[in-house]
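Would you mind keeping the following structure in view while I ask a few things?
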């Protein structure tokens, strides 16, 4: 059964269409991440689900109930905000209990809920403090606690980790994942950080200009991006792209550029490769090897090293092939100097080919 | 305070050959400081001059005023003018000075300040967080209203108040002050509430708080600085009001400013400058005290409220 | 699953609408209603009481033929322009001075701000005394030996409006200074660091970097100053009574005098209307751009 | 003293058959706040309080210009006072027409005002459609020139006996460091002085034709040009006079700083408060010593309609009281004005008042501008003259042209 269901929702502010007839079904207990660049409408969508923005058209169902025009408090949701949005004049306890008090819950029940949430989030020692006395990580824990005490079916996260430094971010990321495993609630999580998306999500919805570009599990999104936008947006550094043409069909198809001719024998196309068609080949940095002695000669081309970025566990080598820069992920240890001539080999089994016009994956 | 800015560094200039080390030398009488303090002291003198004239004159007797100039300090200090201004000066047959007006002013100012601020803060809150269709149009009208001269509105408002039966009562005057305080105050509160992170408001809505719940429990406790600014602006504005006080009240409820005008303009024989000055200071005392006491809060409130917009 | 019914627009956000009723009433009944009422009656020849005897634009013809009205407009223009320029200028300069990490900042600030606590009536009276040539500034300077020194702005029709200006600025610049100071302090300290490292002179930093960043403050100041200017009345009445002669008359006083003193409502309303129209032409487009547009996140 | 209170008691009994056990408070607004004025109005209050009622004083300082707007707002705003001062004439005309004022015809009949009031034109100003709406309380004539003996003595010239002599003495006064003519800066003072000059130099008839019949051609003509030339002279003589209020100007005459002042007879109250004696310390020249006339300006009380019958009754009492003989005498002695009753005997009056009474008895009276023109037209004339007196660049010819323009449009 769907936990949250969005049917044909659109939203416009005057002439600007922020959400375009959008559909999304979120399964019970699922962790969905809405991912996209700023201005893509992901936060807007989340606010619509929360009831903080009125949709222009369409319907929103939560647990099978049409909540399109319900007040936020009646939707059975909890929400965590980027800036934590803790009430500065109340103690942590006051922050946690505010919503419950508004529901008219009995004092004892409130205390029980707070105790449980505080235990889960390990914020018991902070209960009497005010938000101003807490660190960023502590504040965000309290903010999560505020959603937690509501004992709701659906958690909404609006870029909750963006205000934290890198270390805290990864710590809390793990904690949120653990929380999800423990609670098994439905969670909808908005972020522009793909690492968060890839690590946390059961499924990722990549959005652009108010439209969901692809909705899939993280691995599919990473390995089989539905279109050029998703391919370029996911992955760091970005996928390498080559403009070229298809030559031949089926297992004997080739990818051709002015200087390169690569066999597509290992490539599993979604559709059919039409000969003569202008296409874009996308290869991730880790699907390229440098100076591999076992390399298939047909998939190997000459390149020149431009810059090397050692990253500890591995390193990133920027090389140039016919003037086009591309990044290659290599194991740490081998050093390259600028100007070194190298041979690079593509692994096309995990590459993607996009129609140059439609920008969709073939 | 600028710690160390003015601390002397003896010898620093006398040993030019020494390599720089230790605290950076600063000259007490640098050209920059002379310019800054010189200008400020000059400007302060300009600002203080009238206050000095008022105080000095109010402490002189009439003969001394006739011979001396107004800037001369009083030779023989007398508090008689103050006593007279407070409790003896006459307007027509009433010779009880400003004392009566003082309490009237209190009776007018307190409810006017309270009601105008309550109304304006709710307006500002609704405009910042609960925008509804047309709200911006009303707000624009309100802002334009801030530029309409009061004189234009006096007559129609007399008619409006007459029609709702509040003309001549203190409540009528309270309404008038609320109306004319509304544009600037609403602007102030709206700017302030807009500057509060929207997410806070959203969090409260998810927590199930409604319009009033959010206002009282979340916004109000956070808005203290701007309330201080609003209170100071309104207390001084309403306390100093003359026009509405004289038009919309009766003699037995005249505020202090009207009494002041009456005393200053009731020349019985010679103009008693000392009494007039004392009366002037007495009338301005309440807002002055408020400013001097809460000046810091006022500046902070302005910094937090009016700056963002 | 059926679509829930879209609620009636009127009742959405009902509490906010109820809370806004005082504002809506004020805007519609007082500011719009009374303005139209005034405009309407400006085409009548109402004397002491409003009467529906229409006389076309007679009142306006008479208004623009009136010497006093023309002087009033001219005075307001001079006073308004100077107040605007000098308030902002002096306010900003003083704020910049106070911002120099000086000692006794609180004292200086209180001194500069206190006149704002005083009413225009008080301000007018005090400056009337200070500027009185028989015992004010002129007299002390003459007593010092400068026999020919003349400084009697309130008694010289050509410069009387500047005498009013001196008092007006004295009363009003403190608040502007406060606003500006708050604005300057509100600017990110890193801007200063950047400017210092770039070797930009302090005054240049103020003029080219700080001032452009203080747009909101300038707008708030502008609203406050401009709304005071149009209303200037008490100050003139207390300080000069419009004199000498009619040299310091202002439009608001013209309106008031005709409404109540000369018992010619029609003429007073015509003058009111001209003020309203001027305000509307200048303010409405600006206010709409500034506040009327919905801003979307 | 004793006799007066008994008269008051008698009047009270006549007007109020029912006992005055219950004190009714009546709020009375007026703009009498100078020394002499306040003393005069106290006479009304004393007499009214003696009837067992209570006079609630609503003085508004700063001349009628400040006070009238407030009074009118109160009345039109539906929260009227019980009684209010206006000048004789047309200031309250529309309020009466709008039915906002109480009809005093009954009181007038009972008190036989029609016979008593002298000159009868005063009562005409109060009458609309045969009903009487106000009580005239005094006659104030504008037509006086007040002269300081001290100033002329110090200048070494004899005290003048008419305007021309006064003008001739001006250089001597100036030489002695005196201001020849004291003149307040308020507009009504300058236009008032001009009207006085017109009566004195062009004669009462011309004045009546210009102000009453609005004869614009005459106003543009040579007779009035003569007046403007005189006004030009007065302007020069008053150029150093930099006070606002009329009584400050009067004070300059009292203290000998100024030679003289053209001002109404209310100035007399100030001389009296200062303890000066007419004929010894100061002189008064009615009609500037040229045309001895009295203008019948002055003050009247109007009684707005009230709902409370008790108060309405008390209003009637107050109206009758103001017209009563004794109150008239006491009030006018203090005020320095002439009584409106022809049958009172002012033995206590000083020289100047006696002069006035004599002229009044002769019937040399003219109306006051307030009785002849609307406040609107007078306001324009005020603006013209305050400008003229303060701006030497306006030639008498220009001013006359504008004056004639105002007269031609007056109603």
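Order of writing sets the chain letters: A, B, C and D. Residues in each chain are counted from 1.
One rule holds in what follows: a residue touches a chain if its C-beta (ideal position, glycine included) is under 8 Å from a C-beta of that chain, and two chains touch if they have at least 3 such contacts.
Because the structure is predicted, anything quoted here is derived from the model rather than measured.
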item	value
Path length in the contact graph (chain A to chain D, fewest steps)	2
Most remote chain, CA-based centroid, reference being chain D	A
Chain centre separation (chain B, chain D; CA means) in Å	41
Distance from the mean Cα position of chain B to that of chain A, given in whole angstrom	54
For chain B paired with chain C, centre-to-centre distance based on mean C-alpha positions, whole Å	15
Interface hub residues of chain C, defined as touching at least two other chains	12, 256, 259, 294
Residues within chain D bordering two or more other chains	69, 73, 76
Contacts with 2+ other chains: residues of chain A	none
Chain B-facing residues of chain D, complex	27, 29-30, 32-35, 38, 41-42, 45, 55-63, 66, 69-70, 73-74, 76-79, 81, 245, 247-248, 251, 270, 273-274
Interfacial residue positions of chain B with respect to chain D in the complex	90-94, 154, 158-159, 161-162, 165, 167-169, 246-248, 250-252, 261-271
Touch list for chain B against partner chain C, complex	1-2, 5-6, 36-37, 39-40, 43-44, 46-51, 53-54, 57, 69-71, 119, 122-123, 125-127, 130-133, 135-157, 160, 178-179, 182-184, 186-187, 191, 198, 210-212, 236, 239-243, 257, 260-261, 264, 273, 276, 280, 283-284, 287-288, 290-292, 295-296, 298-299, 302-303, 306-309
Of all residues in chain D, those that touch chain C in their complex	65, 68-69, 72-73, 76, 91, 93-95, 98, 185-186, 242, 244, 374-376, 378-380, 383, 386-391, 402
Sites on chain C touched by chain B in the complex	9, 12-13, 15-17, 19-20, 22-24, 26-35, 37-38, 50, 94, 97-98, 100-103, 105-106, 108-123, 125-127, 129-130, 132, 135-136, 139-140, 143, 170, 174, 178-179, 181-183, 185-186, 216-217, 219-220, 223-224, 226-227, 230-231, 233-234, 251-253, 255-256, 259, 265, 268, 272, 275-276, 279-280, 283-284, 287-288, 290-294, 297
